[in-house]
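Sending over a structure as structure tokens; questions will come in a sec.
In order of appearance the chains are A, B, C and D, and numbering begins at 1 in each one.
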Amino acid sequence: MAHAAWRYVRRNLSLVVGIVLLGLLALFVGIGHLVVDTNKSRPLSAPAIRPPSADHPFGTDRQGRDLLATMVAGTPLTLRIGFIAGFLGVGIGSILGFVSAYYRGAVDSIIRGIVDIGLTVPGLLVLIIIAVSLRKGLTVDQMALIVASLAWLNPARTVRAQVLSMRERGYVEVARLSGMSGPEIIVKELMPNLLPYLAATLVNAVSAAILASIGLEVLGLGPIDSPTLGMTLYWVNFNAALINGWWWWWTAPIAIILVVFLGLFFLTVGLDEIANPRLRRVI
Amino acid sequence: MTTLLEARHATRIFGGGLFDRTATLALDDFSLAIDADRPAITGVVGESGSGKTTLARVLLGLTAPTTGQILYQSQDLQTMSRQGWRRFRRDVQVIFQDPYGVYNPFYRVDHMLTTPVAKFGLATSRAKARELIDDVLRAVGLRPEETLGRFPHQLSGGQRQRIMVARALLLSPRVILADEPVSMVDASLRATILASLSTMNRDRGISIVYITHDLATAYQISDTIVVLYRGSVAEIGDVELVVKQPRHPYTQLLLSSIPLASPERTWLTAKEPVPVAAADRSDTGCKFAARCPSVAPPCREAAPPLFQTDPARAVACYLYRDAPSASGDHSEPGRSSR
Amino acid sequence: MRLDYLARRCGVFVLIVWIAATLNFFLPRLSGQDPVRTKLLQQAQLGGYVHAGIDAMVKDYDRRFGLDRPLWEQYLSYLRDAVRLDFNYSIANYPRKVNEMIAEAVPWTIGLLGSTTLLSFALGTFLGALLAWPGAPRWMRYLMPPLWALHAIPFFLLGLVLIYLLAFEIQLFPMFGGYSGGAFPGFTVTFVWDVIRHAILPAMSIVLVATGGWALAMRGMMVTTQGEDYVTFAEAKGLRSLTIFTRYCLRNAILPQTTALALALGNILSGAVLVEVIFGYPGIGTVLFHAIRENDHFLIQGIVFTVIVALGLATLILDAIYPLLDPRINYRRT
Amino acid sequence: MRDLTVHYDTPLGAVRAADRISFSLCAGERLGFAGESGSGKSTMALAILRMIQPPGRIDGGQVRLDGVDLLSLGDEEMRRVRLARIALIPQGSMNALNPVMRIRDQIMDGLTDHGVRMSRREGDERVRELLESVGLGRDVAERFPHELSGGMKQRACIAIAISLRPRVIIADEPTSALDVVVQKQVMETLARVQKELDASVILVGHDMGLMAQFVDRVGVMYAGKLVEVSPVREIFTRSLHPYTRMLIASLPSLEKKGTFSGIPGLIPLLRDLPPGCAFHPRCPEAVARCRTEEPALREVRPDGWGACHLV
């Protein structure tokens, strides 16, 4: 059994590395919630600007937040934004992708037009305009919805491309001639082959959503009082932590963000390899 | 003569939309009738780009003709009721060309057979369904235990194509449309599959439309042959007449180009190769004019209609304009002319 | 054929410009009340630091976008201004005009963004091609994993790390800003050198990340191209391996790479905005950051519109160049 | 060629795609290799040009051209032999021409990489000459591959193949996927060009009709082995191997109906070949000896080689 497991690991190295990284993160947050008192992540709950010490392993920031508590509380919030926006994006995107690729006609050209133009427009700027307009106290979930508003563009494009190529295959025609209806063909014939691609697209969308949300937060457009990773970086920049040499203040969020992105990246590569084995030789 | 499946002046144009000026005429005023009473094998022969596949898709109702009608039991497909379509889908089956693209890699090959059984309710119980499937597999020369339960990539192209034939057989159809069924299969297996097609026609009374680029296989199993050139019928008639005494210059060119597997060396003539005229897609006149050795002025003005040169053969060529013109609307091959 | 293709591409560009203006106009109005008006009125009542300009602006704003005017009329006047790149005054630093401030910041962003994107694209593509070439030196193999891992990190994160390591600890480069405080902007050698020293860290944080991405994509494309029939035939023709590498593999693999560049411009710019904010680099990003902080709606809308249009232009240029690379494009309907 | 053997490493172990192939080719002769898919005919042809890509590898044997064993040459020497002395005409179905290069450049780069230095004008002249020799107009030089029809692309490949007047032309299924009328034109061009160069041609294919009308001698391959080599006339009248006879019988003729029949059974998988003669499970004339002992290819009659115990 061990040999087979080892062979599987060797074949899908990227996938395993991705899962391990995200597993570590989940462990950190899980144990953190048990061990650390997360409401210490609120301002004035600890002496300000303390380098990492016994009672504050990650040190404290200028507003008196215990950074370990902030990380333990903030990471799940950022991930939540990523997952909500990612799932919404892929959900809407794949439905639109499916419909436009399978039913073609005017619907297809409209969706294709929106997607092509939408992707050339820099997403962050549009999100800024939206966030600025909504200005009154954003919550984490509202943040997710804002990011989701553009997160569906890329999934729509990739799913449409996949379905278009599959649709020409013979087995869709045979299914139709065997009496299967349109939706049935989508679910029974196209969907199973699409799952690996969908999974890779989902992980991509989550990663892009997290990046967008952190970007907005760093610009100060995030949920001001929540301890998400992006907001922590905003305060780092706001208080010029770099220049003042408070290195511990930004190392923690950056380390965690790195683990998040590397984990998701390896996961995408791993899933891509499963989606089309030919890629396997490339890595 | 009651017709089973019939194309009446079917034409299909691709492109030609708002921006796309290059409209391609895939099928041009094509008429063909499959006889309901005497199931026969009709061979449709044509080069690539002659509209063979478009014809198959139009007859299957997968693509609607731009003008003209496709009738099944004298009902137009466009206006047929849902009930009518279900019957049409069951009675008219297909064998596709590519044994690799026709199988969904996600499922085992059984999926190709179990789906029609379920969808058309061919069997009351699972055992009955399995029995039905085993029969058709044996009918095409495959052993069920060696074939079922396998994934497509575990079977050879020949085996997969035979499963496709079995699938068509499963629904005991009245017509089978075979679009290049053996062109991607090895020579040794080609004969076996074509033989099973002709036994299906002979024993089970299934009319077959055999679409191919290979005139020799068409000759071997067809009763009637339609020679297609860029979407329109060049010559149509009894297979012996058309192959042994070809009338249309294009049919003659086709026959002379086939290298025969015999010791006599007649194929490689030493004459200078015919200068390949750029295929000018002139709209008016006979489409073959540009390449025709006996082209004449009338050929360039208008496309020649079908002339009934023999009781069982019609040719679309002005060389035979003194013959009575075949009944344009409804040319039944193999029937004595009125 | 070529003109038809270009005409369609220009059509898309005009569409992008129209969308940019529409987004700018409608999105703020999503939440019912017009945020610009509320901001202006707030500013006027403040009274604390009264500056006469605000009242003039409020009157001017009401004249053009007054509540009595129907929405579409407001929209039309907004469109007219947008096309003329006139975005009114900057609320926060009146009397400076918005397009004045943008004009100042744009060259910095183009300098940083343009150079880093081209550099990382060229370097990444060349590296990716080499990695797929059997004749490449062995040690190249080990270059791939670091580049690859770097590719997963957002630009501005690497920026933070670089500032700490190369500016704070080792003081090799300035930590902040586009040029030293006292320096007098002008085309003197010292000033230019000073600008370059300031731009190195931001540039590095973009190039190091983007290069990995291009290398990975190019290597994938090269591997597929090497499997193509025309490469096998090229070998059968006894061509030199360098000829096959450049004129057969590279020349074909570069096509999808260029399309990917056109698609990636949007993301690259979003990343660059954040890099500028982290480094306080005087480009569009920092101006936008301050505009957001001070709720300067006119400036925000001006920047967003200009950037979207600029990207639309860049994509149009790339689309115009593409047929030169791929002769088939003239005949194929895009 | 003496005992050429080619292996392919697959996850399920090494597969012998070509097994001890031996034959000799005279100057100006047309030798055909017929066989179905998986018979190893294309592998053998590519092995001559030493173009077997990993996971394939040539394991033994010799390929001598004018006395020089090509398998012992260095890579650079072998590169110079390709096109100059042995040229390949690719399969008709492949897109063998570089889609982003004009035809003229795809002819010229073959010449320049073999050290042929000529001015632009001489180059254009040479290209025009080559194109005309394969029946293509002068304007084709400036065209891109997607602007040419299937037949024209294949003739352009022939022009490239003969650009350095090679001694041997290997045509690997040159007209597969071409219509029968275009096929005839392409083969006529190949015949004329071969005569002008007095080069010899190896035609690899599965269409026995094409073999009958084009080549002088035919080698029949089955499951990686050469089972018969005979002059074309004798192959069709008194062949030495049951598989050849059944292959010919499976060809639909235009003379009489109902004369062609398939070969029962399945094409064997190269990784688990039956013991003894690989064809014995499908051979109607198989005897006990066929199941145990593999028949060697021997000269049964003058210039007639067969690998069958019954002959």
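The definition used in the following text is that a contact is a pair of C-beta atoms (placed from the backbone, for glycine too) under 8 Å apart; a residue touches a chain by one contact, two chains touch by 3 or more.
Treat the numbers as computed from the prediction; the structure is a model and nothing was measured.
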Graph distance between chain A and chain D, where chains that touch are linked | 2
So which one's got more C-beta contacts, A-B or B-D?
-> B-D
Inter-centroid spacing, chain B versus chain A (mean Cα positions, whole Å) | 52
Please compute the C-alpha centroid of chain B, do the same for chain C, then give the distance between them in whole Å.
-> 56
Measure off the straight-line distance from the CA centroid of chain B to the CA centroid of chain D, and report it in whole Å.
-> 32
Centre-of-Cα separation between chain C and chain A, whole angstrom = 22
Touching at least 2 other chains, the residues of chain C are none
Where chain D touches two or more other chains simultaneously, the residues are none
In their shared complex, chain A is touched by residues of chain C numbered 12, 15-16, 19-20, 23-24, 27-31, 35, 149, 151-154, 156-157, 160-161, 163-164, 168, 175-176, 219-220, 223-224, 262-263, 265-267, 269-270, 273-274, 277-278, 288-289, 292-293, 295, 297, 300-301, 303-304, 307-308, 311-312, 315
Per the touch rule above, chain B residues touching chain D in the complex are 47-48, 156-159, 186-195, 213-217, 219-220, 239, 243, 253-263, 265-269, 273-276, 279
Show which residues of chain A lie in contact with chain C when the two form their complex.
-> 113, 116-117, 119-126, 128-130, 132-135, 211-212, 214-215, 218-221, 233, 236-237, 242-243, 245, 247, 250, 254, 257-258, 261-262, 264-266, 278-279, 281-282
Complex contacts: residues of chain B adjacent to chain A = 60, 62, 86, 89-90, 93-94, 96, 98, 101-107, 112, 115-116, 119-120, 167
Which of the residues in chain D come into contact with chain B in the complex?
-> 36-37, 135, 149-152, 179-181, 183-185, 187-189, 191-192, 206-214, 232-233, 236-237, 246-248, 250-254, 257-264, 266-267
